[in-house]
Amino acid sequence: MTDFSMTPAHSRQQTRWGKIALRWLLYLILGVFAVYYLMPLFVMVTTSLKSLEEIRTGNLVALPRDVTLDAWKTAWSGACTGIQCDGVRPYFWNSVLIAVPAVAISTLLGALNGYVVAHWRFRGANVIFALMLFGCFIPFQVVLLPMARLLGLMGIAGTIPGLIFVHVIYGLGFTTLFFRNYYVTIPAELTKAAKVDGAGFLRIFWSIFLPLSLPIIVVTVIWQFTQIWNDFLFGVSFSQAGTQPITVALNNIVNSTTGVKEYNVDMAAAIIAALPTLLVYVVAGKYFIRGLTAGSVKG
Amino acid sequence: MAPILDIKNLTKNYGSVEILKDINVAIDQGDFLVLVGPSGCGKSTLLNCIAGLEPISGGSLHIGGQDMTDVSPKDRDIAMVFQSYALYPTMSVAKNITFGMKVRGVDAATQASKLATVAKQLQIEKLLDRRPGQLSGGQRQRVAMGRALVRDPKLFLFDEPLSNLDAKLRVEMRTEIKELHQRLGASMVYVTHDQIEAMTLATKIVVMKGGVIQQVGTPSEIYNRPANLFVADFMGNPAMNLIPAKARSDAAGTRIEIARRDSAPIVLTDSQNRNLPEDVVLGVRPEDIAEPGARAAANAQEADCLVDIVEPAGADTYVVMQLGGKHVTARLHAETDATPGKAQRLAFDLGKVSYFAPDTGQRLN
Amino acid sequence: MAPILDIKNLTKNYGSVEILKDINVAIDQGDFLVLVGPSGCGKSTLLNCIAGLEPISGGSLHIGGQDMTDVSPKDRDIAMVFQSYALYPTMSVAKNITFGMKVRGVDAATQASKLATVAKQLQIEKLLDRRPGQLSGGQRQRVAMGRALVRDPKLFLFDEPLSNLDAKLRVEMRTEIKELHQRLGASMVYVTHDQIEAMTLATKIVVMKGGVIQQVGTPSEIYNRPANLFVADFMGNPAMNLIPAKARSDAAGTRIEIARRDSAPIVLTDSQNRNLPEDVVLGVRPEDIAEPGARAAANAQEADCLVDIVEPAGADTYVVMQLGGKHVTARLHAETDATPGKAQRLAFDLGKVSYFAPDTGQRLN
Amino acid sequence: EPKAEVLHWWTSGGEAKSVAVLQKEFADNGGTWTDMPVAGGGGDAAMTALRARVLSGNAPTAVQLKGPAIQEWYEEGVLADISSVAEAEGWADVLPASIAAHMKCEGSWCAAPVNVHRVDWIWANADVLEANGIEMPTTWEDFNAAADKLQAAGIIPLAHGGQAWQDATVFEAVALGILGPDGFRKAFVDLDEATLTSPEMVAVFDQMRKMRGYVDPNFPGRDWNLATAMVMNGEAAFQIMGDWAKGEFLAAGKAPGEDFLCASVPGEGFLYNVDSFAMFDVDGDDNKAGQELLAKLIVGPSFQKVFNLNKGSIPARTDVALDEFDSCAELSAADMQASSDGGSLLPSYAHGMALRGAQSGAITDVVTQHFNSDMSSEEAVKQLAAAVANSL
Amino acid sequence: MSKWIEDHLPKVVLAPSFIAVLVFVYGFLIWTAWVSLTRSRLLPKYDIEGVIQYKRLFAAPRWDVAMNNLFLFGALFIVISMVLGLLLAILLDQNIRTEGAIRTIYLYPMALSMIVTGTAWKWILNPGLGIEAMVRSWGFENFRFDWLVNPDMAIYTIVLAAIWQSSGFVMALFLAGLRSVDTEIIRAAQVDGIPTWRVYSAIIIPSMAPIFLSAFIVLAHLAIKSFDLVIALTGGGPGFATDLPATYMYAMAFSRGDIGQAASSAMIMMGVVFTIVVPYLYSELRAKND
């Protein structure tokens, strides 16, 4: 860690005051930025706690006069997303059903691919890796229509497995990149030792690499989970009634064009939709940084 | 009996680069072969070829009489110990040792009994439940040995197993490995670039440079009769003094003239070696330049030399002078009164000197 | 003249853990102080305290007669060389060396001339345009030295500067540092855990353990008269043999009895040391157990010992036996005919032995 | 058993209630309704989903579609024919001819109309007008005079949200007023180049420039309902918006004629925005049965009444009794009848009734660009012609 | 046979992913290229008509605006995110007691989608509702912050929100980088008398070049894909002042039924991606071969 604050200097008094002033300045700057980052969340939370009446008449960014949780209740189980007025609850579970397997599968495949690219290189492995990486950069709008066609041909159009499939495909580039960058830091000697011990390709992966991968699994899972959970474009294009993820429901609540807008419900729904990803960041954020240090940063 | 390991005309390329060139080595059951050489000379590559971890590009490789050229590592009946130990970081010590057996489907009872034996042998019984991360360097080293020992293989391969340990531990572990070798009578191939390790452990040493074998021999052959300047310089610490000198051979022997900085050249007479060319490089080990009378040397000749640096090293004191335009080190007693800037009388033991051709670097005597 | 570095009652805590305890050391202009001790004993911490990189928790620290206790590193007139070299990775060698001057506003001409001098001194003229990444370990080491030298400071600090080099290079660089020290007459503090380095470089050695100074002295004091078992064991390679023995003192001297494995104890008579307690630990260096007649030792006494292991190390051969229940190492000539399993007649040089109390570990004679 | 999966973008509270009426009727007739709502961007997101569904061979049974898009989809060959229902129910007799035309593809019926939104409404805060002595304007001159007066009094004359479709809504209202019904039809239905570049079109843009001066500076990006709220709370006087704005007033407890006023924008004519459902080609008898049942129910009088009461619009069929409707709706229905007879019942271009998406989009691009910059009216007209040409 | 499987297992494992990428990325790119040469409208058609769609594209003023916006937005977004991320990382690296909490606050926007936060941002930036109104209500009557409604400035609000969303992640990358710098180098610099800011500017930051590269790539790809952000915040307005290629493409494909046009704009976008990513990939792979 880079710590300069401990350096003693000529006059103890002078430096002490200088140091304290500097520290205050430091915290002040950090605080200002914290406000910048928190502002939208603040607006969302306060709005969700206001009544519609108050929103219509008052200042949108002011603190609520009367705190009410009605909007939250409505958003969770009462808001209309079409003719059903069950709130976002059913869609929440759709999202879980999509995100959990998609994250798991793309992470596992990414791990396997990264393992091959980093430790079982063969001719052309680099080119394959490069091609996969390039896939990370394709704008998703481009693939919507041909993908729809193929999903139809595969018979999984509009189904949850179809959505899982799409997310896995377009997550592969990043997960492979993460794992590959992490695995290149694991010494080749480990693989060699295991080979001499008689272990094969899968055995080495399963018994040796996978247990070592926790930090990078955390990074990948966080990344993939936020991507998939927050995805709207695929969700809206490749779902049908009954398989729509929460972002679509949220969009239905928030973005109706010609109806009456209930901003408090919108915001409450938005926060509910964001809770899982927020939770993931708050709980695992520290492993996220650690995982980045461990692998993907190495350039 | 067939040699336990027999390498014939082995070559190894990475792409178009030839890393190993026409390697021929054979060792017998119970031999302790040490591969030494500077970093990057291909020692690890050769060891990996023996283990089957790298395919070879040419030549053949037999282990225990069987052609193993294309056999996969796990079927070669070898065990290997790595420089970084390569312990499986997420497994306990016990699991590290038994992993290979588990993979091979050895039953649990056998696993346990073999584990117990090996753990006892290496005195790591108390560590069996720990993770590698919780072990000191020496302990890790022992576990890595345990993982190899438990296999009871035809051939042990070691890739610089001690180089990550500190000096003290290195000496201890060295002794342990030597003891182990004597007790098991196993065949071992051992890579190091520490030549003391090579000397103390080996029954046979291979010195390599740039993928080419420079010399194969017993430790004393290598130490006392290095085949060329490279081997002479590489083996021994402090290194052999390699002094440019003029030789004048006649029937009685050879007069060797060595330039001195501030005075007339030293002239030594070698009665054993004749027929040397005029320009030679004289190779003398530091311990063969000593106080007069320190050792009963058959062929000792004395001269005064101006001392530049005195390095007391506890057991001995090294003094450095300049002869023939080079730093020359002599090993004196710890109690010597040599002082920098003063002349010191030294005896050169010509019984054990080497001569090399300055151009080719090949040994002349 | 005031000592160039004077440390009085220095203590250092991290939180509630006391890392350094009541350290007192002083060195004079031109001294070469080496701090040795096992890993984690606080050597680096002490050096960092001297450099001002860590604040001290108690005591005082004077450099060149001035109180530097609270002065920032850049104003202490010191230079420091690190284990990892700590070269600025994105700057060329020349910039690495001159960057400090540039920051201090030294004019370009002076920078250039100082750079030239230092580069010549260290023979790195040809490397000046390279990046650290393009240098070998030894070259990096030289650049790091250059960065220190160019400062021309009152005091040089070195934190294990050679430990990342391989054995051969380590010996060479060691000699260079020694030469540099002699030429500059500079004052240096040097951390290592390699005791050969400590012995050869130091004019004064501090042996530390667990944040406490064990002994301060010249290399020969430390080597020949270790203050306690820890120092005895730590300094010297192979380590001093520490053999439990029974002493029986009378007016003529002391009879020392050492148990042997298969036969009657060896009995040696020490005429110099008297008044020893009955239980002692006898400390004998390997080189003080040798072939009879190998050295003109004043007080040599002979005995037959059963040899367990023979380790030829080129210049010498070590043999290991069991005495007093311990492995005991003797250093014999390279040409010895000692064989494992056979008895070997050895001479013990009692003129240089140490005695320690088994309980406190303190030196008795 | 009839089954239908219905893709629509009626997701807000009032709209959802309206659709629920249909769903209930559908269920009462033994059908199973699967709801597939996709809101956002005036149906953009729904259209994204629709395209993906169609391409994957998994089209929904019924889709909320309107205007020429119906014919476009028909041309792609993915729509089903519901003529049998239409003929059995006599749709031709109860629907105004121009609206019926939208529901037909090459002569056969392919969609069912739900409602008629009038787009060219001007809404006003009654108290504000009264306080400033202003009548509902009947010409653009009146409007400008009233706006100037209000502006002087510190009231925002026109509440507006700066989103492309809102800009277009105001634009077509102005255009209808200035070009007249025939001019409007030539310009925005026939894309007649002479009309598009005529001096009258320049005058339309001049009036738009004036309108720009009547909105507050913070209008860009504002949702239409926030603009409505400005009228409601007296911050602004007028808003030009379709009749869905009425829902906002009513939801806030305001009464038509008392708290707020509704009138058609100055000028003759009626711009309609008809929501309709198109039936897609699907497999399975149950789905086909669902389509027929759905089509029948949608155009049936009971649904048309209940739905439009909720939605704020008026029934598409002309034979529904309007007693329960409010005064604005009654006015709308009367005007529709009158304009249908007078040939001035016109499709709204801003709401995708008049043109294909690419064409209306090209026009909107110019309109919104003009409104949000200081482009001259002549330049705007030039660009309009170029954009229309580039979109064909 | 089993030996064959053993030897080729790595390839077998990689194969499904590889095939998937070939089909679902490269196959689709080719498909798009094809469609961009047709007159596809509502649904794709496959009769090649030549480069007419590209001609239309370059004739559309809106596309010009979108491309200009992409470069302006991209440059600002990438540069400011990096500078801010680096600054915050350096500040956070000073032994801050509440580091964990602050880090989470800076990082959380990454977890939210813009569908969610767009409305909040819209209010905050709206002069009548948000910051401007708030500051004015404190008595600073002349305070102006009306970027959102100013066609010339609106693109900067997109930059602002995009930075809000991504700079925390960049900060995390840089923080990780700072933590991996050898402490001995910093100590050496201290002894050398180098002031803190020079230590950062001359030594630490230059040595983090690989991290700058990674950050650049991540940010560039976000910039090119930016879509939700614009839709949620400005919807491309005022006018189409904040259109980006991604929103242009979406509008063409899905609200205007002009798929051929959308495909041609997508191809141009891919061209931009290509020129940025290929040099990066090249350097990635070369470094690996060392």
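Here the chain labels run A, B, C, D and E in written order, and each chain numbers its own residues starting at 1.
Everything below uses one rule, namely that a residue touches a chain if its C-beta (ideal position, glycine included) is under 8 Å from a C-beta of that chain, and two chains touch if they have at least 3 such contacts.
For clarity, every value in this text was computed on a predicted model and none was experimentally measured.
Enquirer: Go through the assembly and pull out the chains touching chain A as well as chain D.
Expert: Shared contacts of chain A and chain D: E.
Enquirer: For the chain pairs D-E and A-E, which is connected through the larger number of C-beta pairs in contact?
Expert: Greater number of contacting C-beta pairs: A-E.
Enquirer: Give, as an integer number of Å, the spacing between the C-alpha centres of chain E and chain D.
Expert: Averaging C-alpha atoms per chain gives centres 37 Å apart.
Enquirer: On a C-alpha centroid basis, what's the spacing between chain A and chain C, in Å?
Expert: 54
Enquirer: Where in chain B do residues touch at least two different other chains?
Expert: In chain B, 72 touch at least two other chains.
Enquirer: Where in chain E do residues touch at least two different other chains?
Expert: Each of 6, 44, 129, 190, 209, 250, 253 in chain E touches at least two other chains.
Enquirer: What residues in chain A touch two or more of the other chains?
Expert: 7, 144-145, 147, 233, 251, 254
Enquirer: State the interface residues of chain A toward chain E in the complex, per the touch definition above.
Expert: Touching chain E: residues 1-5, 7, 26-27, 29-30, 33-34, 36-41, 43-44, 47, 59-61, 109, 112-113, 116-117, 120, 122, 125-126, 128-147, 150, 169-170, 172-173, 176, 184, 200-202, 226, 230-233, 247, 250-251, 254, 263, 266-267, 270-271, 273-274, 277-278, 280-282, 285-286, 288-289, 292-293, 296-299 of chain A.
Enquirer: Which residues of chain B touch chain A once you look at their complex with the stated criterion?
Expert: 48, 51, 53, 72-74, 78-80, 82-84, 86-91, 99-100, 103-104, 147, 151, 159
Enquirer: Taking the touch rule as given, give the residues of chain E at its contact with chain D in the complex, in rising order.
Expert: Answer in residue numbers: 41-44, 56, 59-62, 122, 126-129, 146, 148-149, 151, 154, 231, 233-241, 250-258, 261.
Enquirer: Of all residues in chain A, which touch chain B in the complex?
Expert: Interface residues on the chain A side: 187, 189-190, 192-199, 203, 207-208, 211-212.
Enquirer: What does chain C use to touch chain B in their complex?
Expert: Chain C reaches chain B through residues 39, 166-168, 171, 174-175, 178-179, 182, 193-196, 199-200, 219-220, 223, 234-239, 285-287, 294-295, 309, 311-316, 318, 320, 327, 331, 333-334, 340.
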